[in-house]
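Take this structure first; my questions come after.
Naming follows writing order (A, B, C and D), and every chain is counted from residue 1.
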Amino acid sequence: MGGNSFGTIFRITTYGESHGPALGVTIDGFPAGIEVNKELINQDLQRRKPGQSKIVTQRKEDEDFEILSGVFEGYTTGTPISVIIRNKDHKSKDYDHIATSFRPSHADFTYSEKYGIRDYKGGGRSSARETAARVIAGAFAKMLLSKFGIEVIAYVSRVGHLYMEPDMNPIIENIENNIVRCPDATLALEMIEYIQTIKKEGNTVGGIITCVIKNVPAGLGEPVFDKLHADLGKAMLSINAVKGFEYGSGFKSAEMKGSDHNDVFVKSDSGKVETSTNFSGGVQGGISNGMPVYMNIAFKPVATIIRDQSSINQEGEQVTIKGKGRHDPCVVPRAVPIVEAMAAIVLADHLLRKQSDKISRIQV
Amino acid sequence: MGGNSFGTIFRITTYGESHGPALGVTIDGFPAGIEVNKELINQDLQRRKPGQSKIVTQRKEDEDFEILSGVFEGYTTGTPISVIIRNKDHKSKDYDHIATSFRPSHADFTYSEKYGIRDYKGGGRSSARETAARVIAGAFAKMLLSKFGIEVIAYVSRVGHLYMEPDMNPIIENIENNIVRCPDATLALEMIEYIQTIKKEGNTVGGIITCVIKNVPAGLGEPVFDKLHADLGKAMLSINAVKGFEYGSGFKSAEMKGSDHNDVFVKSDSGKVETSTNFSGGVQGGISNGMPVYMNIAFKPVATIIRDQSSINQEGEQVTIKGKGRHDPCVVPRAVPIVEAMAAIVLADHLLRKQSDKISRIQV
Amino acid sequence: MGGNSFGTIFRITTYGESHGPALGVTIDGFPAGIEVNKELINQDLQRRKPGQSKIVTQRKEDEDFEILSGVFEGYTTGTPISVIIRNKDHKSKDYDHIATSFRPSHADFTYSEKYGIRDYKGGGRSSARETAARVIAGAFAKMLLSKFGIEVIAYVSRVGHLYMEPDMNPIIENIENNIVRCPDATLALEMIEYIQTIKKEGNTVGGIITCVIKNVPAGLGEPVFDKLHADLGKAMLSINAVKGFEYGSGFKSAEMKGSDHNDVFVKSDSGKVETSTNFSGGVQGGISNGMPVYMNIAFKPVATIIRDQSSINQEGEQVTIKGKGRHDPCVVPRAVPIVEAMAAIVLADHLLRKQSDKISRIQV
Amino acid sequence: MGGNSFGTIFRITTYGESHGPALGVTIDGFPAGIEVNKELINQDLQRRKPGQSKIVTQRKEDEDFEILSGVFEGYTTGTPISVIIRNKDHKSKDYDHIATSFRPSHADFTYSEKYGIRDYKGGGRSSARETAARVIAGAFAKMLLSKFGIEVIAYVSRVGHLYMEPDMNPIIENIENNIVRCPDATLALEMIEYIQTIKKEGNTVGGIITCVIKNVPAGLGEPVFDKLHADLGKAMLSINAVKGFEYGSGFKSAEMKGSDHNDVFVKSDSGKVETSTNFSGGVQGGISNGMPVYMNIAFKPVATIIRDQSSINQEGEQVTIKGKGRHDPCVVPRAVPIVEAMAAIVLADHLLRKQSDKISRIQV
């Protein structure tokens, strides 16, 4: 049973292998009447794109997208929005050496076990190429959220041993004006230098992305299973290379006492209910409380390294996997728009789910 | 739009407020022909039960369950299994003091905002009382998994500052023979003592539960969204008080290099494909690879503390919340069976989802 | 994979066998803030109840329902509403004679084939006893619909050869003041007499129920698959003994010409867009157009007859099934509230689904 | 909330407007390892294609499909299969006359009401052009079913007043060797002549398609809501212009007695359990019993007629809709492959759903 759809009302379905003819996404449940911002789609695709800087893979991917349906004269119509990206830079010869071998910590072995057949070119469906479709869907989600002032911002907060304290009010310009997407300019330089060193070694390194969602209205989230943070967690964990998720105080909360951790309710000068601290991460009982939602997402080091590695092949024989190809030394700079996209999709879905939760909201 | 169902083929729907007449669960999609182990249900409910030891809440809950459907002469029939637990120890007078006030870091405010109405008795639907229904469903999932040798074991690996290194091969007896459910006997004693101190202070403390799933067959998990670890993550994050989830190398992977993190494939003496290390946590590309699956789940300190706390009420006026009632100083000892239950439900669901993934499996 | 849930936002899950301890339903997604009308639930259960008149089965069923959750001080809370009915009149001895035989045109054989195990008491899950849960859920749906003036009315329009022309504006009193639930008083008497004759013969007869939904707002229905009439069709076809469904002009449309069938749009005196005829049955392109929605549902004759019938048993041997027990000579009088319930559930679901279909409707 | 997905395990999502850039379908949940039969896809598209004969619309549609994903070296891989058809013959000028008017019995008014925006070119999403995507998905479903000997055959059994008795064992060659797709050669000629007369009048006429599914294994169908015939009914009712659905004895059962209607179980010479009659239509209690499944689907006359018709426009003013364009005088000949496609999709879905219904079937 497939798992290629995500969301309930704002529901996306993606398809496409890294070296097949195309990849794409269909969004069902997008409201009618929203002006489509193609520039935003393009911009987020560019932020995810390989070859965008010296610290990411130099592999080329074409990101020309085409909207196939659901938009009429520049506005959404309420019917499914389908968007396609053609693959051009196939170079499938590059992959013959792994057609029958299992690369360490890749999905080669598990796909073979599960399906008994495997599209080995460029990792097939398991390639992070798939996330381009998510970025497109995320851009549409952002268009919806922006109508209500909701803003999703992600940035790199750790690369290997280099990290910063969480910034709850990050400035987009500070993030996007450096190639590693870290809002701390000094740290960004260190991170870039470190990634270049790693790259020279033919190695890779992990990192953390922090995501902050501002102006979230209170009342989003559907207990007891579809809690807002639970859906955010699943969304993030479904991104390639993610190994951990925490929101608010996260893993640190395990060391804290209740008297330190509780967020006291206060009334702001404008009359809004707020909390004086925000260990809750903007979510209480699985429902947003009106405070900023924030979370950390841990990415493992990319599995492809430019070194010879021992492995086995389909026949169970020991083989040596040659390290070659063009891959990212560190995935987090390019994963920033992917994290934003998945966060935006979850928020958009819960915004739409909220429409029917009390009788006083229902319109005929 | 509600969020009270979980799973796709093995699908549970829960209901019930902490101080209403009853709570329960309906499991749809459970296969026919499995002998029902009532003792297992009872045992897991006892492990979750309040009042079971001196380090948990002394509140009494009745855990007499009744199977209402889906079982005939001791075996499942393939029709929905519904199980009910009656609530007896209501004592709803205890809650009048919070009927119109919002307890810090509880779900009082968010439920009010979302629904415009609130069952304030004992937290209503947001109470962890709800997890008894999950434990029942989890026991049924374990009955299914045990037919295939799959075993789910959870234990407490951290309470506040006290922690142990992950044990990938925990012994159930070592876990269950102490009241904090930590397999390290010495550490368990320290934890118990620490929780008692916390309790005397009227305070609470957080902790971490580690869960290990053994004998998972390769091939479970449905990319690209319903990856095995993504569904596990959502399952865990949906449990009350959980703030973080990581699997395999988790957050530590963000500091690691690819050359250290990659798990090398080897062939075991028995001819099975294995990996020499298991930073992947038994999951690659979202699909199980046959190695043990393991994860850590972070719990915040319980929000109810026996201290006066400042807050506001429904009218936005500042109030003082009196600290009283019978609550857990540390939630992790009782949350162990809940973690196991959610893990078992996810595994059972993916075991059933796997049945149709290749033509050679399909039976008419 | 089970099929015991229905609906998307207004989503019901039912459980229970006819001779098990209980049956029930959980409704997830019901909006908060609606006053619960227990009398309506009771009334619809009474209309479905066996033994209510001389033309229905004299079998006794207890219909005392209990609301277990989702209601606080008389109002819905937005959390799942679970309602239970205990079974009392088991008499399971009655069914020993069919424990291993397959009654003709019953579900005995197919359940055995599918599940390899069978709860043979009273048909188990395949018994129409199950529909009591639907009636309860339907009563809740009616409570929601009534807030918006939407009214669901069903009546018997055919019993065997006796039938009436469709009445698009039926009067409830005319329906409910006779035991066969036909609004044509003269025809009702004939139908009652005919059913009594059939009953004396130990035989059964089929019939048709017509359902009219008034004051449906324009815009309900979700093309291209979840068209309003497609969901109504599935809802009706899921009721025991239903063999056919048509809406608007239905099967007659197959004989008509476009020039006769097209419904001309006109503006009513009040300024509302209407159609001068209503062959469309209130639905165009799968979306309600503001005109009354109407449909016919065909029921086969009940399979249980008081005659000896030839069949086979589990071993494939030829056996004679003795005709005995208390069953309905004609199912349609008691099925009227079931049809209404399923129609109400579909309408309620689509009313809630409509909340997010255009940006101008979305509320934060 | 959108409704553009259908099925549970075999799950399709379609997109595309009649005069947009493209239409398409993504199939999630298709098993890996099936050889793709492109000729079958092409053949079914040709059977649905406009302009194929003198009795269908002469409008041209391009049916060149492209498989974008999910297939590797001719075999399915278990990942989503996405197929696209580009639209070429746009001619959108044809539609300016209806941009602001509501054609009688079309979906113009209801789409406007629902979404507040409308792609008026060629009916946009409400056009039957959308069904090309279903035919593609249906061809994939047939590829799966054929592995298990299951065969889906549909034919025209009524056009206006001309009809035939149901043929439970239709010969495909007899159906496909005439342009109206009626297996009775004499009746086919009459139907063709009649449709030509209707066409000359600028009028349209309705009809009925009968569908027979052979070699259905016992045990398909998921009570109590996802009964096999209920899902078939929804599938058929979701097709443009369908007004009614019946299976087995259908509406006739309403006039029958139980003693005549019951299907007696017998053991065939080969030892298989069969029924001596098949009023049940191969389904009992919502589950297939191994006998042929058959059903009738009623289609209304096409709403577009070459006559002036009175209507209103968006401003509520009375207007005259000019009858022009190239449309079908009778939709049933071209709808035969659409009916087959939807039937095949339902059967494929239930075949996959069946895999987990008893413990003895589960494979790890």
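Quick notes on this one:
Note that a contact is a pair of C-beta atoms (placed from the backbone, for glycine too) under 8 Å apart; a residue touches a chain by one contact, two chains touch by 3 or more.
Source: prediction; values computed, not measured.
Taking the mean Cα position of each chain as its centre, B sits at the greatest distance from chain D.
In terms of C-beta pairs in contact, the better-connected of the chain pairs A-D and B-D is A-D.
Chain C and chain D, compared by their mean Cα positions, are separated by 26 Å. In whole angstrom, the spacing between the mean C-alpha positions of chain A and chain D is 38. Spacing of chain B relative to chain D, judged by their CA centroids, is 45 angstrom.
In chain A, the residues that touch at least two other chains are 1-5, 8-9, 14, 29, 32-33, 78-79, 114-117, 125, 223, 352, 354, 356-358, 360. Chain contacts here are complete: no pair of chains fails to touch. Of all residues in chain A, those touching chain D in their complex are 1-5, 8-9, 11, 13-17, 20-24, 26, 28-30, 32-33, 66-70, 72, 75-82, 84, 114-119, 124-125, 352. Note for the complex: chain A touches chain B at residues 1-6, 8-9, 14, 102, 104-107, 109-111, 113-117, 125-126, 130, 158, 160-161, 198, 203-208, 218-219, 221-227, 229-231, 233-234, 237-238, 240, 243-251, 253-267, 271, 273, 275, 279-281, 283-290, 296, 298-305, 307, 309-312, 316, 318, 353-354, 356-358, 360. The touching residues of chain D, when paired with chain B in their complex, are 9, 29, 31-34, 78-79, 144, 147-148, 217, 223, 351-352, 354-364.
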